[in-house]
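Every chain is named by a letter (A, B, C and D) in the order it is written, and numbering of its residues begins at 1.
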Amino acid sequence: MSARSLLTLGVIAVACAAVTATLAQSDNWFPSRWGAPDQRGAANRVTPSKVLEAKNLITKGAVYQLGRVYEAGMPIFGTRHFSLKIPQTFGPLGSNKLMYHDELVSAEIGQVGTQFDGLGHIGIGDLFYNGNDRADFSKPDGLTKLGVENVGAITTRGVLLDIPGLKGVAQLAGGYEITLADVQAALAREKAEIRAGDVVLVHTGWGSLWLKDNAKFNSGAPGIGLEAARYFVEREVVMVGSDTWATEVIPNPNPELQFPVHQLFIPRNGIYIFENLATEELARDGVYEFAFFFAPLKLKGATGSPGNPIAIR
Amino acid sequence: MSARSLLTLGVIAVACAAVTATLAQSDNWFPSRWGAPDQRGAANRVTPSKVLEAKNLITKGAVYQLGRVYEAGMPIFGTRHFSLKIPQTFGPLGSNKLMYHDELVSAEIGQVGTQFDGLGHIGIGDLFYNGNDRADFSKPDGLTKLGVENVGAITTRGVLLDIPGLKGVAQLAGGYEITLADVQAALAREKAEIRAGDVVLVHTGWGSLWLKDNAKFNSGAPGIGLEAARYFVEREVVMVGSDTWATEVIPNPNPELQFPVHQLFIPRNGIYIFENLATEELARDGVYEFAFFFAPLKLKGATGSPGNPIAIR
Amino acid sequence: MSARSLLTLGVIAVACAAVTATLAQSDNWFPSRWGAPDQRGAANRVTPSKVLEAKNLITKGAVYQLGRVYEAGMPIFGTRHFSLKIPQTFGPLGSNKLMYHDELVSAEIGQVGTQFDGLGHIGIGDLFYNGNDRADFSKPDGLTKLGVENVGAITTRGVLLDIPGLKGVAQLAGGYEITLADVQAALAREKAEIRAGDVVLVHTGWGSLWLKDNAKFNSGAPGIGLEAARYFVEREVVMVGSDTWATEVIPNPNPELQFPVHQLFIPRNGIYIFENLATEELARDGVYEFAFFFAPLKLKGATGSPGNPIAIR
Amino acid sequence: MSARSLLTLGVIAVACAAVTATLAQSDNWFPSRWGAPDQRGAANRVTPSKVLEAKNLITKGAVYQLGRVYEAGMPIFGTRHFSLKIPQTFGPLGSNKLMYHDELVSAEIGQVGTQFDGLGHIGIGDLFYNGNDRADFSKPDGLTKLGVENVGAITTRGVLLDIPGLKGVAQLAGGYEITLADVQAALAREKAEIRAGDVVLVHTGWGSLWLKDNAKFNSGAPGIGLEAARYFVEREVVMVGSDTWATEVIPNPNPELQFPVHQLFIPRNGIYIFENLATEELARDGVYEFAFFFAPLKLKGATGSPGNPIAIR
C-alpha cells in the first residue's frame, strides 16, 4: 500500500468519524441548552452586555440597510410567490379630501426575499428545535410553538466575513464550500474575531446576481458547509447570515444531504439563519465589525420573518 | 351685545383664522423643503450625528420591542384583512430528512397591526407628498413614486410622551385631543425635550384595549390634534408614533375633518406616522429618551410597512 | 322493572346496534365500489342517460342560480377568510385607450360561501376516500390525489326536499335533525322520488339568515343526521346540498360526533356535499324536480370549489 | 399613377372609412340597447326560449368540460399570479376523528386561466359599459356597478367554429386574424348558423401550447379581428370564447390598437368574452352545435370569473 493510499484511507477515516460524530450528536440534541420549554434558542445570548458591546462599535454613525427590495421579479425558491398590488384609492373623505392607498400582499412572507429563518422552519424528520414533534405544534392557523414572535430583538455585535475579499475575487462560485480555513483566514485578514453572542454575516458576492441573473442565482450558491458551521456553533453565535438564498453551500458536497447546515443550526442549536442579505456595501467599505439591529416581525406562529436589518458603525 | 357674545365671536374669529391659516398653507405646500424630486421626506433628518446622539442614550443595554403581535384576531381598520396559514410540511428531503414549514400571509401588510405610514399612503385630494398626482404614480403593481422602499433606516433619538402618566390615569378617553399644553407639561415632567431629527412616541394607554376590547379600540382613539401636530412640525421631527391605530385624535373635534393630522404630517411635511406601537413598557419603566431603530421593509411601491421597531436605553 | 325501563333499555339497545353498525361499516369502507384507484366517487354515477333524464325535466326554460354572492361580509367558518380588492386601473394602452380592471382574491376559495366539498376535504383520522392516507397525498402545493379537478361535470336530475314547506314553517330551527320520516313525507308531498345518480337539495330555510344574522347562522344549523344520510347513500345519489353551511345537523345530537355525515358521505361513499346553496327560489316556486348543472372549477389539488350551480325546469 | 397605386389608395380609403366608422360609433355607444341602468348586457339575450333551444340540442347526453386546470405553472398574463396551497390538516375532532383540509388561493381569480370577462373589466379611456365612468364605480372593495354577480346564468345554444379544421391545419399561427370569410366558410363547412342569443366558441388550436410552451402561448395568439367581431355583434350573440388568452388576434394588425375587440364587445355592446377554454374535444368530435351552460361565480364587484363551462350534445 502506497503512502497515497494510506492518506486516502486516513481521509476516509476522518470522514467516517465526522459522520459518526454527526449521528452521535443526533442521539441527544434535545432538550436545548436553554431547557426543554425554551422557544428562543440562541436569541437568549443577546444580553444587555452584548447590546453595550454593539453600542461601542458605533463610532461614525454610518448606517447600512441589509435588506433587499421585495418585488415581483425577485428570485424566489420553489413554488413560493410574492404578489403586491395597490387597490383603487380610498376617498375622498371629509372636507379635507383625505385620500389614501393601501397595498395588498400575498406571499410566503417570512420565506421570500430577505428572510429570517425562525426555529419552527426546519426539522429533522418530524422533530424540530427542542425535540418538538410537528404533529404537536404545526397547525393550520400558525405554529403553536416556536413561532417567530418568540425570538425578540437581535441587537448585538456583528462580524462580516468577506470571503471574496480574502480570495481576491468578486464572487465565489456556485457550489463553493467556504471552509474553516477560509473563515479563519478572513478573520485574520480583517483583524476581527467572533465572540459568543455575535451575529456573523458571510459575504460571498453571490448577491450580485440578484435581479441580474435569477436563474443562475437560484441554481446553486456558495456558502458554508458543516465544517465552518460547526465552528460557528462552537463560537456560540446567535445567527449566521449571507447574501445567498441558503447561507449554506448548495448543493452540499455530499449529494445525499439537503440543507444539513440548516438542521445543524436551527433545530440542533437554536441558531438563526438570515438569507438574501445585502452585504455588498459592508464589504465595499471594509466594515467588518458593527452594531447589528433586527427584530423579527411578530407574526404569530410564523416560521420566519421578512426584514431590513441594520448594521451601524 | 353681551360679553358672552363677544367671547363667542372671538372664538369664531380664532377658528376662522386657523382655517384661513390652513388654507393658506395649502397654497404652497410643495415642493418639499428637500426639493421636488425628493421621496424620503423627514427621513432626510436622520444624519450620522443623530445616530451618534441616539447611541449615547444607550447606557443600560435594555431593549424594548415596540411591535405588537400580528394575528388573525387583532383589531383591523375597515375592510382590511390579515390571514396567516401554515401549509402542509415540505419534505422529507435527503438522507438527513430535512422537513420545513413556510407561512402564507395575505394582508394589507403595511396597513394592519403595527404599521408605518409611508409618503405614498396619504393624499390631499389627488395630491400626495411633493405634489405628486396619484394619476402619475399610483399603479396597480406598486406606487412608482413615494414607495416605502425609499425611506431608509430611521435610527435616531426617540422621546416618549407619557400623557396618561402626566394626567394620573391609566388611559386617555377615546376622542380626547392631546393639546400642546399636554405635550409641554409631559416634557417638563419627564425633563425631556424634542429636538430636530427626533422620533416622538405618544403613549395614550389606548393600546391596552388591543385584543381585549377590539370594538372599543376601533371605535375612536385619543391622540394629538392639529395644534400639537403643528408643534411637532415646527420641532422638525422625523416621525410621530402612538399606541393607537391613528396616532391622531379620532374623531377629530372638527367633524368635517377626516385624519387631518395625517395630511399635515405626510403629504405636507414628509413626516412619518407609526401606529399601534407597544409603548406601554417604555411608559411603565419611565424610559422617556432612548435610541430608536427601525427600517421599513423595502416593499417596492408599498404605502407602508409592518414593523417591530426597537427602543434601547 | 317497569314498562318505562324496558322502553329505555330498548332505546339503548337500538342505539348500541346503530353504533355497532357504524363501527362495523368502518372496518371495510375501502376500496370504494369504483375500485381502489378511483378519484371521482359518486360522480361516476353521472352517465349520459342521467343527462338525458335531466334534459327531459326542462320544460319551461326557467333557470335558477343556486350560488350566493361571495362578499366580504358573508358568514365564514372558523378562521377562513375572503378578501376581494380591485387594484388600480391598468392603462390606457394604445390609441384606443384600453383600460382594464382585475380583481385580487385571497380566500380558502373552495371552502367559503357557496362551496362544493370534494373527496380530499374530509378524512376519518388519517384516512380519506378509498383509504388514501393523508401522508401520501396531502402536500403543500395541492393534494396529489383526490383533487377537485378530478370530479368532472355533475349534470343530472335534481330533487329538492322542502322540509319547511312540509312542516308549514318558514325555517327549521338550528340543531333540528331532519329525519328519514321527514324525507319520505316531503317526497310524498312533492310527488317526487330519489333515483340513483340524482342530486338531492335539502331546503331548510336557514339560508334566510345569510347576511341578516351571521352570528345565528354560524351558531348551528338544521340538517340531515346519519339516519337520513344513510337513506341517501342507499338511494345511490351523487351529491347532497343544502342552504346551510354544513348540510348536516349542527350540533349533531350525539355530542361526541363532529360532522359524521360528512364522513359517511365523502370518504365512505364518495358522495359530494354542496353547502350554502340558494334553495329558496326553488322552494318558493315549488320546483321539486329539475335539471342540475355544475362542474367544479378545476383547481388542481384543491379540496373543494366555489360555484354557482344551475337548476332548470 | 399606376393601377397598383390606385389599388393602394383604394385600400387606404377603405381603411380610413373603417377608422371613421369606428370613431363615429364611439360618439353614441351608450346608453346600451338595454337602457342606461342595465348591468347585464348581452346576458339579457338568454331567454327561456333560448334555454329550450339549447335543450333540444341535447341528444346523446355527452358532456364536455370547457375549463382548463388552474395550477401554478399555467401561462399567466402580465404580473398576475395564482397561488394554491394546502394548509396543515385540521383535526382530529370528535370521537369520530374528523380531519379536514382546506385550500388557500391567492389570485386575480377572474383573470387567470379559464376566465370569463365581465362588463367591469374593459374600458375605453375612463368609460365602461353604459358609459359608466370608472371614477364612479371602480372602488377598492369591489366595483359598485358592473360586477360579475349581475350577469346571471348563460344557458343557451352554442356554436363552435373550428378554424383549423376548415384550414386543414392543427393550429393557427400566432397573429393570424380570423376573417369574416373564415367564419362564414367554417359555418358552411359545419352546416351551422349563428343565431341571436347564441354563444360562439372559436377554436384555434392555440390551446395545445398550454403548459407545453407557455412562452409561445403568451407571445401572441390567433383570433378574430374587428371584422369578424362586428359580424358577431350584428348576429346579436351573448358571448364569444376561444382557446387563447385573448380570443381576439394578438397583436392586432393595426399596431396602434390594443385589444380593440375587447372594447367592441364589452363596453360598446355588452358582449362577454371567455378565454382559455378547452375547445379541442369539441373540435375533435365535430360538435358544432350544443347546449352551453355557465353561470359566473357571484364574486361581488369582480371584473370576471373563473369557470368550467359545460357543453352538452
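Everything below uses one rule, namely that a contact is a pair of C-beta atoms (placed from the backbone, for glycine too) under 8 Å apart; a residue touches a chain by one contact, two chains touch by 3 or more.
Computed from a predicted structure; not experimentally measured.
Trainee: Touching both subunit A and subunit B, which chains are there?
Mentor: Output, common partners of subunit A and subunit B: C, D.
Trainee: Where subunit B and subunit C touch, do the two copies share over half of their residue numbers, giving same, or under half, giving different?
Mentor: Both copies, subunit B as well as subunit C, present the same residues to each other, with over half of the numbers appearing on both sides.
Trainee: So using the touch definition from the top, which pair is joined by more C-beta contacts, C-D or A-C?
Mentor: C-D
Trainee: How big is the gap, in whole Å, between where the Cα atoms of subunit A centre and where those of subunit C centre?
Mentor: 47
Trainee: Between subunit C and subunit D, what distance separates the C-alpha centroids? Give it in angstrom.
Mentor: Each chain's C-alpha centroid was found; their separation is 30 Å.
Trainee: Could you check subunit C for residues that touch two or more other chains and list them?
Mentor: 72, 79, 83, 85-89, 102, 104, 106, 138-141
Trainee: Among line, ring, star, complete and other, which best matches the way these chains touch?
Mentor: Drawn as a graph, the chains make a fully connected set, so complete.
Trainee: Within the complex, which stretch of subunit C touches subunit D?
Mentor: It comes out as residues 46-52, 55, 58, 60-63, 65, 67-72, 80, 84-86, 89, 91-111, 114, 120-126, 134, 138-143, 149, 152-153, 155, 256-260, 262-263, 293, 295-304, 306-310, 312.
Trainee: Flag every residue of subunit A that touches subunit C in the complex, lowest number first.
Mentor: Counting only subunit A, the residues touching subunit C are 79, 83, 85-89, 104, 106, 140-141.
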